[in-house]
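To start, the structure under review is shown below, and the notes come after it.
Chains here go by letter, A, B, C, D and E, matching the order in which they are written, and residues are numbered from 1 within each.
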Amino acid sequence: MILETLSTILLISGAFFSLTGAIGLFKFPDFFTRVHAASVTDSIATILIISGLILRTDFDLVAIKLLFILVFLLLTSPTASHALAKSARHGGLLTLAEIRDTQNKDNG
Amino acid sequence: MSFIVDYYNYWIVVFLMMAGFYIVISANNLVKKVVGLNIFQTSVFIMYISIGKVSGGSAPILADGITSYSNPLPHVLILTAIVVGVATTAVGLALIVRIKRAYGTVEENEFKDKDALI
Amino acid sequence: MFAQHFPVLPIVLPLIGAPVCMLLARSQLAWLFATLISGFSFFISIVLLLTTLDQGVLSYALGGWEPPWGIEMRVDVANALVLSVVTGLSTLVLVYAKQSIDKEIDRNQHTLFYTAHLLCLAGLSGILSTGDAFNLFVFLEISSLATYTLVSLASDRRALTAAFRYLVMGTIGATFILIGVGMMYMKTGTLNMLDLAARIAEYDSNRTLNTGLAFILIGVSIKLALFPLHMWLPPAYTHAPSAVSAFLAGTATKVAVYVMVRFIFTIYGAEYVFHEMGMDVILLVLAIVAIFNCSFVATVQSNVKTMLAYSSVAQIGYMILGISLVTSAGLMAGLLHIFNHALMKGALFMAVGAVLFRTGSADIKAYYGLGKRMPLTMAAFTIAGLSIIGVPLTAGFVSKWYLVTAALEQQHWLIAFLILTGSLLAIVYIGRVLEVAYFKEPADPTDTTIKEAPVLMLIPMWILVLANIYFGIDTSLSVSAADAASKWLFQPAADLGAVR
Amino acid sequence: MLVLTATSVAILSVMALALARALKADTVYDRILGVNMVGTKTALFIAVMGFLGGRPDFLDIAIVYALINFIGMIAVLRFFEYTATDGEPGDKEQSS
Amino acid sequence: MAELIDLVLLGMLAITALRIIFLKDLFAVVMLFGIYSFLSALIFVNLDAVDVAFTEAAVGAGIATVLMLGTLALTGRKEKANSHTALLPLLVVIVTGAALIYGTLDMPPFGDPENPANQHVAPRYIEESPQEVGLPNMVTSVLASYRAFDTLGETAVVFAAAIGVLSLLGLPKQSQATIESGLKSHLVLRVVAKLIIPLILVFALYVQFHGDYGPGGGFQAGVIAAAAIILYALVFGLPLATQVIQPKLLKILASMGVLIYAATGVAGLFFGGNFLDYNVLASDPVAGQHIGIIVIEFGIGVTVFAAILSIFYGFASQAERANIQ
């Protein structure tokens, strides 16, 4: 029963975090802040939801697989976000602050 | 109403197929043609899988306490068809790479200018 | 010991042969191996043809699972006949290919050529022998993929665009067939052809089944290059390596014609397709348009290979015409024409390939005065050309004769007249080549490099030419096989199902 | 059960939002971000769906999704490094 | 619930497909195609086709997308604006679509267990196969035993594709890694990739041998194993990858896989059964089935791995070549 309640809390908060991340994907002003919103919430939502699911298993092979997914996602998802942001940086994409700076320079 | 519930799946699938088919026959760019072919085929796969679905059924892997399974035969057919599809895609894309090297373009309407096709 | 396994061997042999061929590093070895495999398949096909003429139908349950659950190979006279044509032509083409390929394809791709050829053969044999509608799709795709590869192996860059166009059209066709098979499965719950036939016969008219048939027929029409879906064929046959053109012209589209026959007659039943859905009129009109349109186009081509390709589309029109007459005699004429057309088109493409081998060109200008320089090749071209026209004592005459008789039997005077007029057009396009070859002087009389084609190319070419003459005079084997096949196909499909 | 349903609905709506981002993006990178998010959320969705359908043993598919998503991302990055010389991938997309 | 999810996912698919029609940036088209493939795999999961979803995710979304990106890298990203109006294609599509809609009118209702498709042949697979073939996964039973000939054909198709790509693009020469390539500036990525690649290979082995009991099997395992090497090649560069798995070896492996499969079938002949009859492989039919299925799944895995990887090598070597010039 305790496990059930705990799992419910974890799942609901996980769902909440992933929703905030998705909203951030639209509300944030430039790419780098958006990547931040997406990747941070992605990780926390993954941890929460998968742990919530693990609590619902009988701690057998299914739990191990879930753990594997968790580890895998935690390794790859931030790496992908990091590499993407880095690539964007290399590709010449500017942050909002930098754009403002260059505009100020142009004006002044 | 039950008419719609019975068939909505097939109608959307028909729309998807036709979207893919339209891309194949209207696109000028060869890569886009191949993408269209893939969309067309994938939609046909969805049609097949819809055939095999049984309401309230479960995946056709034997397990305790489950009595109703979906039909495994369409799954097998589509497994084969997916592999066939990707094989065709690979050969098509390889042809595109070679065409680009030989003609310098992958736009279909530009071949005629460079080389009488027939 | 293996006799009971013969129905599956023409597929399995080349299918095993292909990877082995890939492992053989040397071109010579691969050639020898592929030819042996193909020859052995031919031998088995002949045995199958004789057995089926004698005993009717051979059924083979793969994996030991009885038919509606497992896949069945089902060989009757109709597919054994086409199977013999395919494997026989494949063997001759492989013999011919050795030198032709040496010249036309890059050296380190030779093993790939033979591997692809064997895969194509396995796919075509599979389409012919299988008794399962989905299995047919799988083998169709094997043969198609191998064909795209074979076409694109040519060194001409136009072969690439031709192969791509072929690929797109071929895949659309295959997907249409897939949709059709899905609709059939939806209403019947089976994929076995005979089982399908028995269960389709229970419905008298059903919108899903009708649509399924329409999609299958359109898909197959793309594969067999029925007018107006033929536009992929001429470029593919023109730019493919000569050996490939010779093989494909005689087999690939003909196998597709067989598939159409199978779906119409065995699965849906002629009654359903022609009377309920009125397909015969559509097919008849398309066939006649194909004959005239493509024969006309053939007469103005300057490239002889393109000319022959258009002529092929026109000849397919004759086969479809035979089918659309909806009589046993018409179907028999159509099947007979599959057989005879393989003989004459194979020989013609081989002759053109031999000219290409010596002169490096397939343009009609290269044929000026060739009658003196390559007498044997041009003689072969002449005889096979006469066969296309339908001159008596050639195989082409026999099938045209039966076609005309079948039309007259139904009092279709106009159709008979149109068939004969179509032959006149063949006189024009074949005649153009013969005229320049025999009555024009060569452009450069001092050029001595152009001489008779090598023996290894002449032998298979002349075997086909002699076959043209033989089957023009002694028609007993070909006609009796085609006759038995059409009678077999024409019995109502549901009865066939009941037999089992 | 209700919790699982609620979670799956939430994930599905996140996927829809991420899809919207991928369909209509300001820069290419935003598009990739959207695609990546669809991928990771799909893996989660399958995991939840397994529990919802009462057959949680199909998690292998979720693993494949995560894996393929990662490889796809890397392929995209490789593509950028490769084409970096002949075109600015950071350009605003002209079409929409 | 399943119907509702189905509807939502189908709606997403429809929007994605519509967007692809109008996009001119081919890179975006390929990305959206990846999503399309992913979503359709989700639909397959939702409609209980777990094996199909597995394959579609790995093959459709993974390999096809990677190959398309490789092609784009060589042919350019932008589709040229199309001047002529596409009225004829639209007409063709509308007619075809109308025909299909007409065809749906007599279709059996979606999801009804009484449908003919679920009545005639399928019940035997569901009810008897666990005893006859002895595997819990009915899809594997049908794939590898009842319809094993289809699967042999499918393996041949993959082999044919490898032949085709090989003849068109060739294989890379095994070089001494003189050209530095790969994502060398992404240090984090390289470390993580090193960690993950062994995990993926282990997972591939699991999928190969667990396919009898859960979703998976030779195809999926072969693709996943190839994906591991592809990941390696993407991160560390093609030259290094060709040192790990040599192109020449791939040719041999691709042929061997088909031969293993066909040889299993021929073995049936020699033991007195039909082609691909596994019952005769052992004294007990179920044990025979088991041996046969394991061997052919292994053959499939080998061919698919080698074929997919050599196809990737073909594309990558072209890219590498273009890069040097």
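As a working rule, a contact is a pair of C-beta atoms (placed from the backbone, for glycine too) under 8 Å apart; a residue touches a chain by one contact, two chains touch by 3 or more.
Quantities reported herein were computed from a predicted structural model and do not represent experimental measurements.
S.K.: Treat each pair of touching chains as one step and give the shortest count from chain C to chain D.
M.R.: Tracing touching chains, the least step count from chain C to chain D comes to 2.
S.K.: Which chains lie in contact with each of chain D and chain E?
M.R.: Where chain D and chain E share a partner, that partner set is A, B.
S.K.: Which two chains have the greatest number of C-beta pairs in contact?
M.R.: The chain pair with the largest number of C-beta contacts is B-E.
S.K.: Could you put a whole-Å number on the gap between the CA centroids of chain B and chain C?
M.R.: It comes to 28 Å between the two C-alpha centres.
S.K.: Using mean C-alpha positions as chain centres, tell me how far chain B is from chain E in Å, no decimals.
M.R.: Each chain reduced to its C-alpha mean, chain B and chain E end up 13 Å apart.
S.K.: With chain centres taken as the means of their Cα atoms, state the distance from chain C to chain E in Å.
M.R.: 31
S.K.: Roughly how many whole angstrom separate the Cα centroids of chain A and chain C?
M.R.: Going by mean C-alpha positions, chain A sits 58 Å from chain C.
S.K.: Where in chain B do residues touch two or more other chains at once?
M.R.: Only 17, 21, 30, 51, 58-59, 63, 73-74, 77, 80, 84, 87-88, 91, 95-96, 98 qualify.
S.K.: Which positions in chain D are in touch with at least two other chains?
M.R.: Residues 32, 53, 57-58, 60, 63, 67, 70, 74, 77, 81, 89.
S.K.: Name the residues of chain E that each touch 2 or more other chains.
M.R.: 2, 50, 70, 72, 100, 104, 107, 115, 117-118, 121-122, 125, 147, 150, 153-154, 157, 160-161, 164, 168, 183, 186, 189, 196, 214-215
S.K.: So, with touch as defined above, which chain pairs make the list?
M.R.: Chain-chain contacts present: A-D, A-E, B-C, B-D, B-E, C-E, D-E.
S.K.: Help me check something: in the complex, which residues belonging to chain B touch chain D?
M.R.: It is residues 58-59, 63, 66 of chain B that touch chain D.
S.K.: Quick check on the complex: what are the chain C residues that touch chain B?
M.R.: 134, 137-138, 141, 144-145, 148-149, 152, 157-158, 160-164, 167-168, 171-172, 175, 178-179, 182, 185-186, 191, 234-235, 238, 306
S.K.: Quick one: in the complex, what on chain B touches chain E?
M.R.: The contact residues of chain B facing chain E are 2, 5-23, 25-32, 34-35, 38-39, 42-43, 45-46, 49-63, 68-80, 82-91, 93-98, 100, 106-107, 109.
S.K.: Give the list of chain E residues in touch with chain A in this complex.
M.R.: 183, 185-186, 188-189, 192, 195-196, 199
S.K.: Considering the complex alone, what residue numbers of chain D touch chain B?
M.R.: Against chain B, chain D makes touches at 53-55, 57-58.
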